[in-house]
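Letters A, B, C, D and E name the chains as they come in the text, with residue numbers starting at 1 for each one.
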Amino acid sequence: MYMAKVVGSVVSTQKDKSLIGRKLMIVQPVDADGQASRAQEVAADTVGAGVGEYVLLVRGAGARRANHDVEKNERDVVDCAIVGIIDQFQTG
Amino acid sequence: MYMAKVVGSVVSTQKDKSLIGRKLMIVQPVDADGQASRAQEVAADTVGAGVGEYVLLVRGAGARRANHDVEKNERDVVDCAIVGIIDQFQTG
Amino acid sequence: MYMAKVVGSVVSTQKDKSLIGRKLMIVQPVDADGQASRAQEVAADTVGAGVGEYVLLVRGAGARRANHDVEKNERDVVDCAIVGIIDQFQTG
Amino acid sequence: MYMAKVVGSVVSTQKDKSLIGRKLMIVQPVDADGQASRAQEVAADTVGAGVGEYVLLVRGAGARRANHDVEKNERDVVDCAIVGIIDQFQTG
Amino acid sequence: MYMAKVVGSVVSTQKDKSLIGRKLMIVQPVDADGQASRAQEVAADTVGAGVGEYVLLVRGAGARRANHDVEKNERDVVDCAIVGIIDQFQTG
């Protein structure tokens, strides 16, 4: 899992059916000190995260398990999802 | 998922059967400001994307779910697919 | 698998159900000489690791296999887990 | 998928049974302009590619789908395969 | 697959059950000229590789297929395995 900051969202009209109605957020992976650590990605939000919040990202098959809409899940193409809002980083 | 710009396509005569008839686009992953963020990849187009457009990329098993041709799907070797055309990046 | 040092933990109230009650540790991947080698990640602890310890990380589907709680396992979104505490690096 | 140039092969006597009789090529991932873009990998050839040719690489489970020898497929450990020979890059 | 040089091993007493009795080697991914190409990893040895040898690494689900101990295989958390000893790099 990665720590990331939500920095925006993408608008897409023409897309795979499984993405209809999903919130697709632009996320910037960060280290515990908030510094950018990797390239930006796009993640499907599953917890109601907003721009400016720090979140927990999951990749791959785990990201599809975060989609609890069983009917849509079987054809879900998502490979990155926001699965938690980070309240606090505890370090040191 | 990654944001990317379509920069071209590859022509391949000798290839795996599952790739016959597929549009194989060269894509340049980008950040929300359009700057290149990672190495170029080749993605199977599933939404009718053209050169110069910004798109949404999916990797791994999710990329094969974007192939809705059931018969071909079972032997599909694809590991990267274009699953959406990005109309707009909303940031800040 | 990666070698990593546990450097902290994240606190998250709003999160996927499968993460409730899990210890989510911030880990810094390192080389055998203890130098940081990649960007920080967040891993679910399965062996009782504490801050300052060197650990073994597993990614992807393997990380979910480390969750031996069968009932929760099926909807587990985790994609990175601590699966061992490293007592010693033997090199040279 | 990645574009790559075949730069050699590896010789291995002691290896997993599923690799016996496979051509294991050393490949250098490249961008559309032929410049090296990532670290070299080793890919199982499935299309008869030779040294100096530009090819299409697939990673992960997709790479095992390119092995059409059903009997061997079930225990195939391969995670990277050459699935096409690139005749031409069309860009610009 | 990656080429790597075995540079050591890790000793771990507290670990996932599936790792008991496994040789966990520290490996340095290299290019065909033997230069380090990526960050070090830890791989489960399946072919009897020793420190100083050049080996072939497999990642992900393929790494678990290299574990031919059927009973242990189902709960195997390993995501990286040594699947071959490289006798020779043939390039140029």
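Here is the rule we use: contacts are C-beta pairs under 8 Å (C-beta built on N, C-alpha and C of every residue); 3 or more make two chains touch, one makes a residue touch a chain.
A quick note: this is a predicted structure, and the numbers were derived from the prediction, not measured.
Among the remaining chains, none touches chain B as well as chain D.
Per-chain Cα centroids separate chain A from chain B by 19 Å.
Once the centre of each chain is set as its mean CA position, chain A and chain E turn out to be 31 Å apart.
Counting partner chains per residue, chain D shows two or more touched chains at residues 60-61. Ring order of the chains (start at chain B, first neighbour chain D): B, D, E, C, A. Against chain C, the residues of chain A that register as touching in their complex are 1-3, 29, 31-32, 37-38, 46-48, 56, 58-63, 65-66, 68, 81, 83-92. Residues 7-16, 18-19, 24, 26, 39-44, 60-61, 64, 75-80 of chain A touch chain B in their complex.
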